[in-house]
């Protein structure tokens, strides 16, 4: 457990841990992916009323948590601008080292536009490998071409 | 074309553009992926002597470029710590918004460790979609568990 | 004229000034809005081949400029992260002071999502007023709801 | 709901949510625009005595909140200098990417001066569109020419 | 002389020094205050055509300088965000130490608004004093009340 | 009222507000200027024992406040390095935009030295004007020439 | 004792101090090195269930501490990005001064790759010396070559 | 080869590469360690007259390089405060993650003092390992106890 | 009194003030210099057991303070990286303005090395002067030559 | 020699080195202290006409250097805000670690005021010591009490 400034995040993570449920198990109950569920508990996604009710029951949330997860949060507020944690830093390093190459290839394949981070999904898989298992993270975002006017 | 501080990068990109080759076409000639080729031209990857020779011939590189692409560069030196370009910023935003969720899920699936950004590959695909094509970026990195001692 | 690091921007602005054309006049020739034209000359938008040819003729661009304006640039690279220029700073100040209020209202009107800055247009008008004319800047961006998965 | 450092902001937002009123509904009661009302509750605008009394009654504010909304606050104190939240970041990105173009066009249309962010109004509208609704944000600020002396 | 990045500033200051004129003497010739003249030569103010012509003649400016001083510059671009020079730093220190007190007094005297830095003048005087002369800097800016809407 | 980290500042401002006294009125009672009084309450100036006693009586200060205002504080600790509040930011902007010009003029008028920010006074006046009242802020600091050795 | 933001770290260090045990003594009880134990108590390493149980008994940990040390923490969250403490700063200075030389030598000895900071161990020894004892810190990390694809 | 701002560094590295010598080979000629030699060529160490003469001959240095390597440089000037290069970043990460643990262990073993980074040596070795070779970096610095007075 | 984050510092300073003792008087009782005593109370120096006991008696310290002053603290943690307080800022300004000159002179007098800030003492004296008393601060640190290896 | 951005500094230092004179020797010729001379050559102090003429003759300065050293420079412009060079960093570290203690002692000895960094001198001496010579740096600045008004 990490120490988050926002007390709601701390309560949500503690509730999950107290029930001994994995993100995937909660996801199954909600009909959602494990990464989205983790994003929800870290207050980076928003639950519908139905999702909030299921989660309230599953994790025995209090009213503050139940209300909070239904509202858009100030996303990214708990993450430092340059992350210190090595797992998260590697994502930053990939942006720093490969960002211009990714941009150049996306521009070449799609034109002048971007991959949306809103109409967007993340998938995380384990790829077994005799030389050591591999983490496979897939970003899937809608291509948005720059509009001209 | 963007204005890079390092003159070798500018010459490499200009050489590619002068020949009118795509990253994928250069990749085919080298037997390498298009993203790796882009990383090489932006001086974020290192060519073997054979790769350098093929590239020298293909892009008519001068001696400075030919020598430079065979040496490990100071990676990330041309990218600002917080990117301003929207396409690259979205990768940063994903780290900022979803970093803690990705960390939590990777820790739950694999244990206390990280995805390597060194023993690591990037793939970029276009997924056609009637609601608008989608950019699919896959990171594939070896899982490295924290060593205890 | 300001001193930009990128020599292409300096040449493009100098070409416009040498011809004595306004952004609106260039826009008329291209069939584009004056703000988009300004964004193009400051290398924040990308011209089609046809637009580039018209512009080449109109501003007597050299080959470097002609090629450059057809390629996606590293957007935002010439703007400091916190602007010092008072005109640009006021846009920053609006984000700083009214950002949370704008977010709250957009969330209330549209749900959990954002205004796109890619599928996006800017309009600038002069509103005459006896107490002093007013600058009217309109941002028009597609609403993008957060995808769940 | 987000976690704000200032306890008065947290109480004001909680009071609005407890009553189930939208910013527009509160605005109607006060005779003010929804964006201004949101700015007021996030402590970026100042209420007159009459406005404060109406709001006190409407939202059942305590004395601390009633007094606080009548005083000029330290504006912007709760917003990070580079925002992490995607909705707010897009406003920042617009400044970063289009700032020089907006400056150039305003200078060309009005002369050497700025758009005031004090004698200033914000409007937010929903523009329905079969390809997806659009967010239309309008900034309307007095043109202030640089004084010479 | 200091080393400025912008070559036009360096030429303007060198021209003044080569003629051996003070800012006040140039100001007399232009019918402007010495501080405004200094701001003009450091590219923080904009000359009218008439002013530019007088200055061209007085300082024997080349065409680049003559054109540049008639255009709004990217103000503040040559000043670091936290100044290192002690004379300029003291202005920063005054803002840092006395900023909240100045704000509180202005709010109490005028209401919720600001002193404009655009409709604004600076005066610098020497006040002779047997204990050591004193620098007297006066800022005179229009009071701008926050508009409500 | 703003939310200050230091509880003593919050108590001092609350005490002033509870008594309904202006800075000028408190200044009259102490024989000091209104700006100095504001600086004292924001803990940027230090009271003598006599001043502290008068203030204690006038504002019914508790012992902690009474002791605190007699001790030199860590000045500037509550102000961010780049201010977000528009009123305070304008002072910063003046430093950023006009700093080099002010330096050049002071050097020309006085020689190589600075205006002290310690042997220093601030005056704030309202200048009535049919086009809108004006804020007149005067800095009066001893000229300190650089010593040679 | 230092003041850490995270209450669990403060409790863990206080528990160690209350028992009067050195890191080496705790390490002996756990079968781990003293540096790893210190990393564990500062929440930069993760204990297995067996290690956590031994530590709970040895240091009389409460349930919160017992649970916390078994979970991956947000590493580095308590350390400033540029350290102020002289002992820690010297490690930073070594990176700053000798970083490029270390990189060049590692690249020359091993090729284009890095020393892992995950599959990694630290050893600290005292080397007695008549001119003053010496601190000998050894980093031992797996060489990771950059993968090509 | 990386692009360094200082032209002397670029010439020194180019001279080494042109001769095809490793740092270890140059070290043998000078009677110095390979890491110290790399530090010298990156202008982070200072050569004696004898060392400079040997190096001049060995690498056919010009007079500027010969003079420069005998003078203390502004150390660290070419390294960013937070490194982007992954190999160098790992050293930074070790400081960030393990800094407090290293400090605590050094304090426990030696008392209140530091490891000198001046009376200091670095050794880099390759440790062969069937699971992958390991990089072993050893820092050896004099322990300096805090003086009391 | 300033507001320090660390509660132990606040208690130590409050204890000194409650007894009405100067740093010099406490220093006399401990056999230490006044500056060292101030550093100790601000948790930047470490007391021996004997010193801690004397101080405990003299200032009636509680157990937490008594234990804390015997342990190496995280030095510098309470000071911002660029100080806002004018008295402390002047020390920073001296480093900024005269740092390169001091470096050049020390290198010329001593060779390539530094003044230790660990084997180091500070003295502060008042030098009476009819033109105004002078503050005389002396740094006395061991010269440490760079070791070669 | 270090690589300074300002070409005048580079020429001044090169001129000194070409003549083989120490700062003390130049100081003797000018009747000034060696530290002041170093400050002059690094463009942090200003020469009188007489001093400039002597220096011109002594170092065979060109006209640009001769003119430049007679003008107040933008002090501190070549020094990074947090220095990387270890010798200069130690001065920064002293400010960071001992700043609050120095402030507290100066306030106790002198009252609420500062040590001037303008009416100010620096002396550097070598103190021979069998345990290693010591660097003794003395700052001597006028005490400036805060003015009340």
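Going by the order they are written in, the chains are A, B, C, D, E, F, G, H, I and J; count residues from 1 in each one.
Just so it is clear, contacts are C-beta pairs under 8 Å (C-beta built on N, C-alpha and C of every residue); 3 or more make two chains touch, one makes a residue touch a chain.
Computed from a predicted structure; not experimentally measured.
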Neighbouring chains common to chain H and chain J, by label: G, I
Neighbouring chains common to chain C and chain H, by label: A, B
Interface with more contacting C-beta pairs, comparing H-I to C-D: C-D
Per Cα centroids, the chain farthest from chain B: F
Repeat of the H-J interface, chosen from G-H, C-E or D-E (over half of contact pairs identical by residue number): C-E
Same-site or different-site touching of chain G by its copy chain H, using the half cut: same
Between chain B and chain J, centroid-to-centroid distance (C-alpha), Å: 46
Chain I and chain J: spacing of chain centres that average the CA atoms, whole Å: 23
For chain B paired with chain G, centre-to-centre distance based on mean C-alpha positions, whole Å: 31
Inter-centroid spacing, chain F versus chain B (mean Cα positions, whole Å): 53
Multi-chain contact sites of chain G, meaning residues that touch two or more partners: 2, 35, 71-72, 74-76, 79, 81-82, 84-87, 93, 96-97, 100, 103, 107, 113-114, 116-118, 120, 122, 144
Touching pairs - complete list by chain label: A-B, A-C, A-D, A-G, A-H, B-C, B-D, B-G, B-H, C-D, C-E, C-F, D-E, D-F, E-F, E-I, E-J, F-I, F-J, G-H, G-I, G-J, H-I, H-J, I-J
Residues of chain B defined as touching chain D within the complex: 82, 84, 86, 89, 93, 96-97
Interface residues, chain I side, partner chain H - complex: 32-33, 35-36, 45-46, 71-72, 74, 100, 103, 107, 112-114, 116, 118-122, 144-149
Of all residues in chain F, those that touch chain I in their complex: 5-8, 67-68, 71-77, 79, 81, 117-118
Complex contact set, residues of chain C against chain D: 2, 22-24, 34-35, 38-39, 41-42, 44, 75-76, 78-79, 81-83, 85-88, 90-110, 113-117, 120, 122, 124, 126-127, 129, 131-144
Touch list for chain J against partner chain H, complex: 1-3, 17, 80, 82, 84-87
